[in-house]
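See the structures that follow.
Common to both upcoming complexes is chain A, partnered first by chain B, then by chain C.
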Partner chain A sequence: MDNESTLSTIYSEDVSLMVVILDINPLFWTSVNSNTNSLTFTKFMDQFLPLLNSVLLLNQLNEIVLIAHGINSCGYIYNSSMENRRGGKRGPAFFAEVSEKLKEFMEADCLHRKGAKSTSTIVPSLLSGSLSLALCYIQRVFRSRPIYPRPRILCLQGSPDGPEQYVAVMNAIFSAQRSSVLIDSCVLGLNSAFLQQASHITGGVYIKPQQLDGLFQCLSMVFATDVQSRSFLQLPKPAGVDFRASCFCHKTTISMGYICSVCLSIFCKRHKKCSTCGSDFNRPNSNSKSSPVQKSKRKLDDR
Partner chain B sequence: MPQVKIVARNFMDMVAALPAMKLDKLYDSTFICEAVLRSLPPLAKKYVLQMLYLEIPVTAKSMGEWVLPDGMSKHKVAISRLLQLRIFIDVVDRKKETSYRLDTKFQSNIRKCLIHGGVPPRESMPSNITVRLPTLDDLECYAHEQWECFLLQLISSGQAERSTSFNSYMLKTFQRGLLSSRENEAPRLTENGFQFLLMDTNAQLWYIIREYISTSEDRGIDPTDLISFLLELSFHNLGEAYNINTLTEIQQNAINDLAGLGLVKRQQGRKEMWFIPTILATNLSISFSDSVSHKQGFVVVETNFKLYAYSTSKLQCEILRLFARIEYQLPNLIVCLINKESLYYAFENGISAAQIISFLHDNAHPRIVQKIPRVPENVTDQIRLWENDRNRVEMTHSHLYEDFPSRDVFEAACDYARELGGLLWRDSKKMFFIVNGDAHQDMRDFLRRQK
Partner chain C sequence: MSIVRKPAKYKPAIKEPGIPGVLLMTEDKFAFTPNDPNSNANLDVEFRSIKGHKFSKDGSKQILLNLTYDSQKGGGYIFEFDNFANRNFCRDYVGTVLGKLQCAPSAVPPSGHTSLSTAEMEHRMKLLSEKLHMQFVIGGVLTESEFWATRKNLLENNSIKATKQKTGLKNAILADFRPLTDGRTNKVTFSLNPEIIHQIFAEKPAVHRAYLMHVPSKMTEKDFWRKYCRAEYLYRTKNSIAATAEAAEDEELAIFLKHDDILADEIRRKIRRVDPTLDMAADQGDDFVHLSISDDQGIVRDGINDTGDIENELSKRSLAQDLNRHGAVVLEGRTLDVELGDTRTVAEALAQSKKESSFNSDATAQFERLDRFSHNAEIDDLQEPRKIPFAPLCIKDPQDYFDFQQANGVRASSDFSFGMKSDGSKMSIDEAYKIIIAELDEVIKNGISDPIMRPEAALKTFNWLNQQVSSSKYHMGKNPQDSVLDSLPRDTKAELLHHYRSVEELLKHFWASYPITTSYLHAKVVKLKEAMSDIYLKLEMIKKSVKSEYRHSVSQLVQQMHQMLDAAFQHYDSKQQESCSEED
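Take a look at the complex of A and B:
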């Protein structure tokens, strides 16, 4: 083809490993049903599974890993590289398998949450857990194979952000950035500050599709693109990124707060002592008192 | 130096060169659509996916807006490839604007693929009939052994221990481009032949397959049938048994030939006969785009130009002999020395330094794969330097003009030659100059007009 194979290529050109993170928060999907929003979970799956199929179709070496997360747990659902050894199954059998596994996972997830009390608002799902799971999987691929495909992560998120996961999610985002893994996100519910930041920092694409009927077209236009081709194509640009952080003490999202000058922990109220690193803010003679800092957007980003 | 290159990766060019009617017939099969799609450049794949559910043609202008300015050249390559393979059909509307739409058959087949997925072309046989199928590792060994045996037979018919199923006529056709056979002389490898040996297995395989298909018409077989069967074969499941009776006669004959290459393994049961696709066959549809061979390497190169090859294969030994001097051979080890003489021998045979280096690099022993660089730098540099040594003098075909009647004529002719861009050298005292061979014809016309 047009690109000659050079001497040392770690990645074979347009081969990609796509880790898809799917939010199956039952509270979100039932609320969708009752809102008379057109996209029910079944309809969503109809649009979503062909995307997986099309990525597998484009290159025989492409791999897909599907990770689902609910409210309390996250887990692997499907891994195409396991199937490929003895001829991967695709098509109806593939759809059936994925749906079956998802069902099992949902049931297991519900069992986990017995302790939680039923609420009318949507409880956030465990994004941080599945992001970490995805990154762990990618690291394992990096280390165990001499030659590996180019990895990227696609998050399909419905439920809102859970501010209490802030630190974990940010850490996952930064480690993705370090290992140059793109995080694409497609938000089906409300805008998500976490995913906006994730895509912004790692160089992925963040979209919130306007028309959910034609979701497949949108998914295949944007997210089926391999990392190499992205440098040649016009892809949707983000309208703006919500850089707000959550405080470490009460896990609420804040736009102004206090930052520990030693470890950069964020607090919504003034404290005597940093709860993360133990620095004393109230030393009588010291000049370096921690003072309210107007957090600029950049500062958090550069951390 | 003449640039001879065996282009082995462009199997799809052969498909593209088929007449439109035959190409359209090929797209009847879902597998072929899938294989063709996979062979496309990344951007072209993307466009197909994007257009898959669009019912109306998209104008070329709006497609141009999909790409950034940097990607324009890639965009053009992608579009022309799509047109060449007749996946895109161009439509010119009343305003004389070009727009593209997908070939309807291709479109519906790919849609089918997306929704129903790739169903294997035929049912595999139940395991109670086919007892004792080979394991995947055994099968891979078998495939590589068979392939090596074939190659060895190809380059030196005497050396192979057992002969493959190819008859000598077929073998001759394969050898045509690779060996020069003058009368009363032992056949020698040609430049192409040397380069062929240094290519990776997939590339070699495609070269042979291409030859096999392009000569099929002489045997009275439609190349289209063979192409579609080969592509179909690559979608069978690795290591499963398929009944031979499900094939047409042409396909059965082809299977026999392919078994000789190691693409399939044939087994005879009590009643039935079946074939098992090997890794070579299932990789067929990958190998259009550059793929990575997963073969384990065996070569260690040291900074003192010694080369240790842990291999028992005769073929590998023959290949190493192309550019290195073999010092001694142990049962599982070949020790060679790379020196100026051995490399000059290689260069004379048309092997380039880059090919040798990439061969050493690609076949590095697992122990040194982690090292950067895999081949010591002083060795690669020296190989390149020795190659450059040979290219110190560049030969150009040219003509000498002398004996001009007067200085005016000489000057005019000189100026004209300079205008043509063909003046290589001049001596105004003795009044002669040398003109590039390309400009000779024009020059002669010019001088004739002067008279």
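Take a look at the complex of A and C:
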């Protein structure tokens, strides 16, 4: 996988660049709020902000980039390398600064909103967008420095997957794999097939904590470890991965479907033409109608 | 083929006068009917039993045709003809018929279990070590021949593999092709066989060409080879003066003694194929370095010190060149599929294959040379970086493909509604934003709580994580490299493997005996079924007896075998019912 020339440059092994992707979907956080077993957004911030602080304290050169995504937009919240130049803050001042920026982002995201005003279900957040932002930032670091810190991405996800983002998310996952960037995932809501696949493909850790009030314990034990140390540590592995894909035509999650033999696009129904690359599936010589259907049918791995 | 009917006399022995009658020959047999109906010299013999045929020379006293059935003792059916025309007709007919029979595989079926080849025996010995034979054959479930019948094809596969390999050219250099001299006379004998001729043609293209040019038209094959051998002899004995003298007289002989121009051509072509930036002109001189070496020290060839006169054109065929040429030919291998019998066909086939390989090479060679020249002389700074060609992904409608997120409005999908309902009451998105912003305000104002989390919660999470780590450590079957079998104790593993093989063997026989047509097959199936039920029970025992830590993986393995056996039992039962209902 290390076939990109940029990858031949040297990592400084014990320095990490951690890009944290935070899901601040208000619908998710307010729904968790009402649940007795789980944590409010305030409590979550109580446990989450110390993680950022401790990663920065682990090594003077460690860097943290915080990216948030809501329902309508995503954006950079905090970048420790830029703050350090102005004399980086630690402790309470740091927490306050991050919270302030998050609040600004929330307000902006609220203004971007379009569509219906109320809903009974949770709208998925823009995971694909923030994954792309994270990878872009990492690529910029790769290109701008001779020696760069070992990058990894931590996704803190609450809201469920948006099947319509399947292509974008998978593309992001594969480009992460190509540039050997680990994607760790910590899922606070339902299990996420996207993130399971992301962690599986890139070699990261996927965890769905049982006890949300002990979240900091989990975060600091698993996700604070840098990439180099992981070779010496036994980290939890998931029992299985949900490999289901979304079809390109209706954006629904399917476990069995049709695949274009030319571009590998996935469809839930048989089409005459591939909507992605335009390949014609109706060959004149296919007299027997059942055999091509049988052949193009492929079971997607559903472990 | 037609039927041949000729008047002839049948002679039970050469000395006897012979019984007049009619000889009738068809494609597969011949018959002799005597003119005298009382004679008991009737013959009706199949050609299959005939090993060969002999005949008297044209113009000899007796006009005979002898069809031999025993080539060693000389037994045969002897026929005498009135004239040579009839005899020769019959002779040719017999020749073609016998030729056909030889080509066809022997029609006699190999007798099954009486004669075992050593290879088959070895194969059986190997299989016997697997214990299956003892278990089933001696246990009376299967008979000896049944057991081996299923394995026969294994052996056949082996033998096919063995015969398919093509034999290459001999590695021995042609120098071994030496004349034999007998002590008494001055006669020198060269013995040529098709193999040697093929090799000569391959290694000496000039001889090959000369053969194609001269042999049918100018001289006979025998003359050709006599000339060749003479040239070879002259060269070998270093009799250069005699050689030049003879060459001047006989131009055909000169061909063999001259430097091979085809080879020289080929070498020139090969030189052209070398990296063009290399200065071959400078290195070409090196090609003759070996001559000067042999000049000084002498290379021993054929036991004679090769310090011959280098001025002589004839002796320029050096050992090194011969060796190189031989090496090239051997490496090229045998390219012909032609039977090495008739020299003429070999020569022609060889010419054909040469033509194919050299076809259009000259035309493109120059172009390729120029192309490679420009490649090698390329100056990197002035050239655009060479890119690997790739097929661009053609997306029909990029707008549609990339802008999925645009459609990410409020979508009620059944996929993610469960469990996430906000208490049934509809939550306004604006409200939700407000709540979260208020909570953030709180964090900004108060900072984070101290302690970050309760110690009990931390311990709980800690324990949970530890459990996760330890369980994933023993999680088996996810890694394709480590097999479940390897984790089992050795005895259990061996036992399971043995049972697996037994089940496989029994099922092979079981399914092969359907549909049941004879009572024997019926009895066999009943026996097989009993044996299978035994194994079924044994597998159950293994499953129960194994230690608890392995029980899961063992039961998974056993389950597979049980499924296979169950399918067989089910088939047996359904067939049984069918036959019962038929009887009713």
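Going forward, the second predicted complex is superposed on the first by the 272 of 303 C-alpha atoms of A that agree within 3 Å, B and C clash if a C-alpha of one lies under 4 Å from a C-alpha of the other, contacts with A are read in each partner's own complex, and residues count from 1 in each chain.
One rule holds in what follows: a residue touches a chain if its C-beta (ideal position, glycine included) is under 8 Å from a C-beta of that chain, and two chains touch if they have at least 3 such contacts.
The shown structure was predicted, so the numbers you read here are calculated from the model rather than taken from an experiment.
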Answer with first, second, both or neither: which of chain B and chain C does A:Pro50 touch in the superposed model? both
With the two structures laid over each other on chain A, which partner does A:Leu126 touch: chain B (first), chain C (second), both, or neither? second
Have a look at where A:Thr276 lands relative to chain B and chain C in the superposition and call it first, second, both or neither. second
Partner chain(s) touched by A:Leu27 [first = chain B, second = chain C, both, neither]: second
By the touch definition at the top of the document, which applies to A:Gln234: first (chain B), second (chain C), both, or neither? both
So, does A:Met221 touch the first partner chain B, the second partner chain C, both, or neither? both
Looking at chain A, does chain C or chain B touch more of its residues? C
Report for A:Asn59: first if it touches chain B alone, second if chain C alone, otherwise both or neither. first
Chain B and chain C contact sites that coincide on chain A, given as residue numbers: 50, 92, 95, 216-217, 221, 234
Interfacial residue positions of chain B with respect to chain A in the complex: 9, 34, 37-38, 41-43, 45-46, 49-50, 52-53, 65-68, 70-71, 74-75, 77, 110, 113-120, 136, 236-240, 282, 285-286, 288-292, 294, 357-358, 361, 369, 372-373
Chain A to chain C touching residues, read off their complex: 24, 26-31, 33-34, 40-43, 45-47, 49-50, 71, 92, 95-96, 99-100, 102-103, 106-107, 109-110, 113-124, 126, 128-129, 160-168, 189-190, 207, 209-211, 213-218, 221-222, 234-239, 251-253, 263, 274-278
Spell out the residues on chain C that touch chain A in their complex, using ranges where they run on. 393-397, 400-402, 404-405, 407-413, 415-417, 419-424, 426-433, 435-437, 439-444, 447-449, 452-454, 457-462, 464-465, 468-469, 471-473, 475
Going by the contact rule set out above, which residues of chain A touch chain B in the complex? 1-5, 7-8, 12-14, 50, 53-54, 57-61, 85-87, 89-95, 146-147, 216-217, 220-221, 224-226, 228-229, 231-234
